[in-house]
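Shared between the two complexes below is subunit A, which pairs with subunit B and subunit C, respectively.
Coming up: the complex of A and B.
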């Protein structure tokens, strides 16, 4: 349209910025509350900064490039105990496995709960089931998992001893139970997104002669991609951060111990550990008692979580807008 | 109550009067806006001007009652819907006109408590006996708020084109390249193509409100409908976008039957060939837009268009 006339700009001197109302006019109780809010915010910032700084300083000072490429060994001598290559691999593998199981199930559950919710009694039962899993301590889930995966007919998911007993600990077993941790978060985030979509969006699709399933798949789920991604990021955070399931269901072996001859399958059926378990084992509380390696590993863990969150956020935001 | 002619109608009548005598102005001419500006050209078109030669009856609403739960919101309405003309439903809020409109493609069924009595037919076939998805492709709808899908402009239209057949996999096979001509055609019919030709892959939500609404019309047209339902399509738009869309409506009426719900009486007068006035669920008056606005038969119609209520 027409170019903006320049004269419309008011003279700078006449402009007024946002006026601050003066605190002294407030009642005492409001002033106190205001100060407390500030203090809480600053306090939290300080704690966060302390964590990052502390982990950074400690971590960097003990971090050696060799730690990333060496497998850990069970030596009492610190210099011979190797690095944490296997725990890093274990973390990535377990997270990928857990998310791969949790994401489709979580999204499907959320779509069903939000868009169908029928029969109502079943939907309510599923809702409370999801809530229960969300509230269950992971160590409880882990114990339950061990019980399930030690059953004879699930032997193909882990390894069998010579006597026929099923070990019940493997990436498969841990991945499935880890998925349980992530599912409630993915369900909640996806449902939240779906609930915020305007009803019009659904009607617009119906009005074009699309059925419900098509509408969900091609309109609603793409529209809540960001919410799904943030649910997945939260779920990954829980999986990466969990220790109990790794110790109980993954065997927490120093190295990735395959089971059987098939390359990838053998790793998935075998045991291993993750960075969290490694940190625990090497902390002064664990068997390894190599605090320096624990700090280094903890630092790597922190960076890994931040990196994954960053990647997921980028992926979801760059994908939105343009056509699917 | 004074039996004077209502102010809004009088104003249009004055504006429209000279053009009624002007024989050259035809329906298609409305697409080429004269130099007087879009608002002028719209006012120039009047229903008396050029009823499309042969209006064909496509849908018939026969003694239809509609209810949400126990509450009847539409009572015993009988109306024809003809291709080649625009039918406007007017009436105060709560008069049941939107419900009636939504019943025409069974979108009322999205509300679980909705029920219907009476017959609604499309080309003689009761719509309740048709597959809802088939019906809605034939009787498409545009809503009050522009509601493009959060995808690209192209995908918004392509989505409507993709056939829904569980038996064949044409949905999956339909490639962008194959759909392109149809997408462009739909955008052209909605008068949007020239504006977005270079931006087909841009997100639809970045368009202006008026463009979004025309995209929604393009999307509805892409489904290849025989009847187009418009639920106050301009109420969220500025006057210029409104004028553009009104022109579009008038130019489309030859190829599809159009039913429009509107609160804007001037708009109803500008675009409609026939007008149905509803009040509290009942059809009070139905007739040509000239007759309803200039010589309403019922006192209630007279009161409404003179602004006595509603």
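Coming up: the complex of A and C.
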């Protein structure tokens, strides 16, 4: 369901037998199709190479070490607009927050769907619900979040203006909605892992007198650790890459602006921005319009995504499920 | 799967078990309740916009949509909110960008998936796996940035001649950010999703089926076309549906490259239509997000969100339906 392309299967083994089917004997239209297939494959590689190289060249030429340690300032002059320390902090904080909320809920959902799945109608409703969140546009989730977190009784999660109106934009608000983005990915990966566990694992645990809850907690979930981890990594990728929720729900302010006096709580209640929002605000569509800063930040963002991709590849290739 | 259920055998551990089930079940119900809440609140907040425009007229063409939106923002007063909107240009732009990108993307993805599963030499296949994953993981704002800073100026310089500008002068101003660029980048964004799903399905086609065909002397392309792709047809439909949902909801990238103007490209303009601006629904919400504090504008934007929400719910229903035949072959997508 969810679009994680982790499962490109290994090639079907041993094609030798078909090599006798020589290309020159094919009808013209088949040969044309064959060439088109090659073109599509090479095209895919070329587009990717072009994107990565382009960002690499732009990134290297505009990236300065000072960008990582300076806070952004609201100057129109690109050389005085500061760096993106705060957006990087914001990205890390928001990703951690989103995953911290999404992981327990996602794993619980997956365990319930795979191991209990009853009453059946409820399970089916939950399944389609999760699918619906996976397909819902993140802008819609974002403005829904704004509605919810602007409610008076949730004022403690963001800031209140002098008149008592709730601002509704904070790390808390954005973190909760970001968790919604990550949950479907975590659920899918965990269920996939649970489905691949051999039945003997459960039976052995039952035979030792463990009940179902203990079996899930101490046998099944540890066995699918890697699947959970790769689901979380995919979810982190979604959170890091999303812009709409940050722009609408995090306030997209230049710096992390706390609210209230308590140190950590104030940051979480306050507004800020992330790398994606920083890129957007510095693009021609945003207020900053500083192309060099945008390229540099986008390059850092791309490197983060590449790193996560690498982690997912390692997790999924080092054998999952039954072997673990 | 579960040949033995332990909770029936012992009552004391059964109670603990029951508690665990209830707790896990509660989280499931919580998520479900949140979704219900989302649907209901979005619709309640969207209602003023729909009802003041007498519902069906909301979807019709009529006037410049950006002028209408600006008058909603500037002329609404607390006592007299203005809701007048004919959203057709935004809907048409959504349909055009999504439809064109999915159409181009699906044919490209089928070819690329066949290449990966059938024709690619071992080394190349090993590269293509991470390539597809990387392309799917690039944040949309990076695509948007490349589009607006690199591709749009290039298009403006090479494709938008003075005659082309004059041919639609007085109607709309042509820039490098336009429908064509939006479709191009959107296609690149959704292709890897489709490739991954189709590759999965193609590799799960029972080996004996293709072998049987090859044994009858059918060549590899014909075998793939007639046997593998036909078996994988539900997966191809599911891939297209998923990609449509993705394209429909894409906001940031399209807000950057689609021209920033609510305009319905006129297909009668021929190729010039490709160079006309076309800002879709989701991008419109991002474009005007700062005006969410204005109640009348908020209702209008929630109405757009409601349209998107209904479309994506219908799409995930269609995707679920499309995937059913796949279960016969034990393919999970």
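By our rule, the second predicted complex is superposed on the first by the 269 of 324 C-alpha atoms of A that agree within 3 Å, B and C clash if a C-alpha of one lies under 4 Å from a C-alpha of the other, contacts with A are read in each partner's own complex, and residues count from 1 in each chain.
In this section, a residue touches a chain if its C-beta (ideal position, glycine included) is under 8 Å from a C-beta of that chain, and two chains touch if they have at least 3 such contacts.
Since we're looking at a predicted model, the values are computed, not measured.
Novice: Between subunit B and subunit C, pick out the one touching the greater number of residues of subunit A.
Specialist: Looking at subunit A, the partner in contact with more of its residues is C.
Novice: Report for A:271: first if it touches subunit B alone, second if subunit C alone, otherwise both or neither.
Specialist: Neither partner.
Novice: Determine, under the contact definition given at the top, whether A:200 touches first (subunit B), second (subunit C), both, or neither.
Specialist: The first partner, subunit B, only.
Novice: Which partner does A:279 contact after superposing on A: first (subunit B), second (subunit C), both, neither?
Specialist: The second partner, subunit C, only.
Novice: Does subunit B (first) or subunit C (second) touch A:218, or do both, or does neither?
Specialist: So A:218 only meets subunit B here.
Novice: Kindly classify A:159 by the partners it touches after superposition: subunit B alone (first), subunit C alone (second), both, or neither?
Specialist: A:159: touches no partner chain.
Novice: For A:26, is the partner it touches subunit B (first), subunit C (second), both, or none of the two (neither)?
Specialist: The answer is second: A:26 touches subunit C but not subunit B.
Novice: Is A:308 touching anything from subunit B or subunit C once the two structures are fitted on A? First, second, both or neither.
Specialist: second
Novice: Please identify the positions on subunit A that touch both subunit B and subunit C, taking each partner from its own complex.
Specialist: 202-203, 206, 209-211, 214
Novice: Help me check something: in the complex, which residues belonging to subunit A touch subunit C?
Specialist: Against subunit C, subunit A makes touches at 1, 3-9, 11-12, 17-18, 21, 25-26, 30, 33-34, 36-41, 43-45, 47-48, 51-52, 54-55, 105, 108-109, 111-113, 116, 122-123, 125-126, 128-141, 143-144, 146-148, 180, 183, 192, 195, 199, 202-203, 206, 209-217, 237, 240-244, 247-248, 276, 279-280, 283-285, 291, 294-295, 298, 301-302, 305-306, 308-309, 312-313.
Novice: Can you list the residues on subunit B that touch subunit A in the complex?
Specialist: Residue list for subunit B touching subunit A: 105, 107, 110, 132-138, 140-143, 145, 147, 149-152, 154-155, 159-160, 164, 171, 201-203, 205, 216, 219-220, 223, 229.
Novice: Looking at the complex, which residues from subunit A come into contact with subunit B?
Specialist: Those in contact with subunit B are residues 198, 200-211, 214, 218-219, 222-223, 320-324.
Novice: Which positions of subunit C touch subunit A when the two form their complex?
Specialist: 1-7, 10, 13-14, 16-17, 19-21, 23-25, 27-32, 34-35, 37-38, 41-42, 45, 108, 111-112, 114-120, 122, 124-125, 127-142, 144-146, 148-150, 188, 191-193, 195-197, 199-200, 203-204, 207, 214, 219-222, 225, 242, 245-246, 248-252, 255-256, 260, 282, 285-286, 289, 292, 301-302, 305, 308-309, 312-313, 315-317, 319-320, 323, 332-333
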